[in-house]
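What follows is a structure written as structure tokens; I'll ask about it next.
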């Protein structure tokens, strides 16, 4: 077992142990904190597929995060009120259905946004993805039906068959399992033929075309899968907060998702989890000490980018290895 | 007469006032090594770019295996069996040599959209890739990342990739560049055998290698082919001597 | 409007200060102390803490945290305060969108929420809740007051607000009372900083007055640009557009603007004089509307805590409902939906020495409630 | 719609465009010469506004404030370049985005630390107060006309700087070939610091000019920053000409969209609905325009030849 595998295993075990312990000693807030870490890690794992494997620096993944959130919020609202949604379809409060809707919607949005954005590269790609996210953001802010800027409250957390989702620990376990499944999927994709093509397209796009693999299709597919995973996280995030608002779509959110990946270590399997854990802990610990915590967060980020390029995992587990 | 694998007629490409390719006609027959030589700035790169599709010609035709490929993209040409090697860049520098070749195998199989099966456990990828690596003499270095291979090894890897693609013709862009004398000799022997797999259009500065390998040589100067012929023809050609060999020797 | 509680307000008017309390009360204050809207949160916190300090009550513990004006952060803090710190009462949120994220789930978990500012219509009508109190107003109130005021002198108004729910509520509230003609109804972008396009429309509209709801930086930008435009149509708006926190930044451009407020600095009552003096002494600046609202919220909690155990939800709620406080606003009592019934004034921006502030022009509504109380069934 | 109103809106669009150009010129220059994507450019804009407001409050002179905004923003730019930015030139865009994102956090919270949470006051100088008559019988604020003039002047000065001066030659050389310029014996490190400070000064100047018109507060740079990025992406990153035309395009499209779209929707739906839908669409309009342009021209309208 490589050192990174050991570190990954410890990370996964810690994320599980903390809420169990918190539950045992009656400190449910730490369960909430761990749930937040799991969900942000899931969102960032989605982005990592595009950014880490594919080299696609999307500065607009908040769009997918928010689409997932709104899918959950809107379906739950209709499920609660009983008003039909569209074409006579009703809302629902079943998480499994919501997840599918969230993922499919975001996948389609990802295909549309990707189809245009992937025509560009470099800075243009960063900026056009940002522009698309801004479009969705302004749409959500000014569309009155679902709360606009005020957002949308989900009065009761959505249901999962056989689990009481209002219990913090149960909800955490759902998020945890989904996160591990996503990380597993990430690992599979990374090692697969598709993953080979995607990573090669990042390393040398021109050259990849000369062997007869079209980077555009590979990237577009990766972008859509990435969007779906991030949207799934968005739906869970909405359920965690029992609330959705355009702030999930803001460019700060996109920036934060990138931050998580870099903090943890770009392209690494558990990078997003390490990054999310670090970020939430920094936010919580610093926020408890000073109102100026963003100032210090900025300094820490700067330090990581300038001096610790491998992120947390790079620091602990050494240089990344590739197959 | 056997039909040429690659046939280029009256190819023209201008950049502003500069005619980089000025009515080039060139062909490549099965089983032969056709070397393309010329001084720096003669337009060799531009010509290669047009053949493999990264630069679009202004006029003229490129036929490959009996079909006009002048309007196709890079990937389509590669899929039809036009194998190109590069002077510097590796396919995927972070990947091992094996995974680089596997990538070529999967490209040939046209099956990049498989998401779940680990490629390393996929014998339909690993076996052909290992076979090819063995043929170019890289089997023992299969697990080394491409970026850590030596200069010559990377060249061998490039050829392995072209072989794995099942190329029906090779476009080799300065394969000898940066090689030591020993490496050059090994590679020369290898290329000598390679021509039986598929014909080679060889762009090369190393005249020893060219004269040792080439069945025919074309000389490109200022975007024009000034002579085509056997090694002996070219050695004797006065125009070539003055335009090229003159300032080289 | 039902005044079920008018009797309650006549009950012993005992000031909160100096009363010993048996049971400790833990209050969680979530407000905006960083980011663009921090000014409002700082005033909220300071107003609230002034009342707590004056009470000398050692059994009241207030935990304050910064929400950075981010809903998801506010939710996280609320979870922490409820689950970890085990607070009894939450308060302090400035913005409607953050309140909507926090309050419904807080009251669902059996905690009191006393709002110091945000008052969306969504929580005032059918979705009112016994544990949710609003010590400030209902979002529509100040806009309604301006609508009523505009009836006197204006025939044709140009009205505008940002394109978000509070903005739409604002214009709806205004139109509920304004009987004249509308020259145009314009929705601007949230956070917009350049109003040249709107000012051009105002110039061309033929309106005889402008009603603008543009809180915070938006109002500052609009007023400064309007003053330079050469358009002389009078401006009016709800109090928060011309509150003490933004007036210094607008500068003289604000002079003469009419606004509405349920509190004005120069209101002639003892509680107000004391409050303004104390606030200035403590913080060395003039209080804003937000400070007063938070001050009253703290007073309400203190008064209830003096007479009931916060763990006894029913009793504590009954004490809160009595609204047994001396508000700087003067008359103050709760409506059936636990939003205030209070007087609303029209004010004008003036200069006292070098300091811009608001002075009272007239009382436009007496004992004003809100339009949603009738839908609230508790 | 009258001629006067249309003219006024066109001027408004121009004025917005000119402001955006001041921001975009610095961004695009920095990208063109150093290949750096700088998210913290909006923070330098904020620095300019705060410097101007503070100095104007001390001295009572807007003009001294304006000078201070140039000096402070340039100084802040130079310091940031020396401490942080120069370590980023050979990094990929991802690292640059992250590091400059971190700089935004530091600048914003640092400014709040120094100046508090309340907006500062900055007034238009007496010389430029009031409005002037326009053809068509309407009036227009003198200050906005002054901004348009100042922006045009800066554009012209930049043109002269780049085409006629030694510094300009070096900048152009830096844009076309980074290795070459070092070989020519130009001190490339100093050149980069100077270019970065120049871009910062332009942003600070814009911040001060706009500060007098809007509110001087923390976070004021972010909306402008995003618009400026839209501008340079539309114009072609690295092209000053592209930045100018992109800025004017965005300024006019945005202003006209906000003005005309609600009017357009009045034809189909009731007025208050039209206001909302039109307003919503207007706020998305420039992003839609940008996406359309990039879909057709993936490297903007005027992509620099070398990139």
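Per-chain numbering from 1; labels A, B, C and D assigned in written order.
Methods note: a residue touches a chain if its C-beta (ideal position, glycine included) is under 8 Å from a C-beta of that chain, and two chains touch if they have at least 3 such contacts.
Note that the coordinates shown come from a computational prediction; the quantities given were computed from them, not determined experimentally.
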item	value
Chain whose average C-alpha position is farthest from chain C's own	B
Distance between the centres, which are taken as Cα means, of chain D and chain B, whole angstrom	49
Separation of chain B from chain C, taking each centre as the mean of its C-alpha atoms, in whole Å	76
Whole-Å gap between the CA centroids of chain A and chain B	44
Approximate Å spacing (C-alpha centroids) for the pair chain A, chain D	32
Shared-contact residues (touching 2 or more other chains) in chain C	33-34, 163, 168, 187, 189
Interface hub residues of chain A, defined as touching at least two other chains	138, 141-142, 144, 292, 294
Residues within chain B bordering two or more other chains	none
Listing of all chain pairs that touch each other, if any do	A-B, A-C, A-D, C-D
Residues of chain A defined as touching chain C within the complex	27-30, 32-33, 36, 138, 141-142, 144, 147-151, 153, 155, 168, 237, 240-243, 245, 247-248, 287, 291-292, 294
Touch list for chain C against partner chain A, complex	33-34, 65-66, 68, 70-72, 75-76, 79-80, 83-84, 96-97, 100-101, 104-105, 108, 120, 122, 163-166, 168, 187, 189-190
For the chain C and chain D complex, residues of the former touching the latter	33-36, 38-39, 41-42, 163, 168, 171, 182, 184-189, 191, 193-194, 196-198, 200-201, 203-204, 217, 220-221, 224-225, 228-231, 245-246, 248-252
Contact set on chain D toward chain A in their complex	31, 37, 84, 87-88, 91, 93-95, 97-99, 101-106, 108-110, 112-113, 226, 229-230, 233, 237, 276, 279-280, 283-284, 287-288, 290-291, 294-295, 298-300
Residue ranges of chain B touching chain A (in the complex, touch as defined)	52, 54, 73-76, 78-79, 84, 86, 89-96, 99, 102-104, 106-108, 110-120, 122, 125, 145, 161, 165
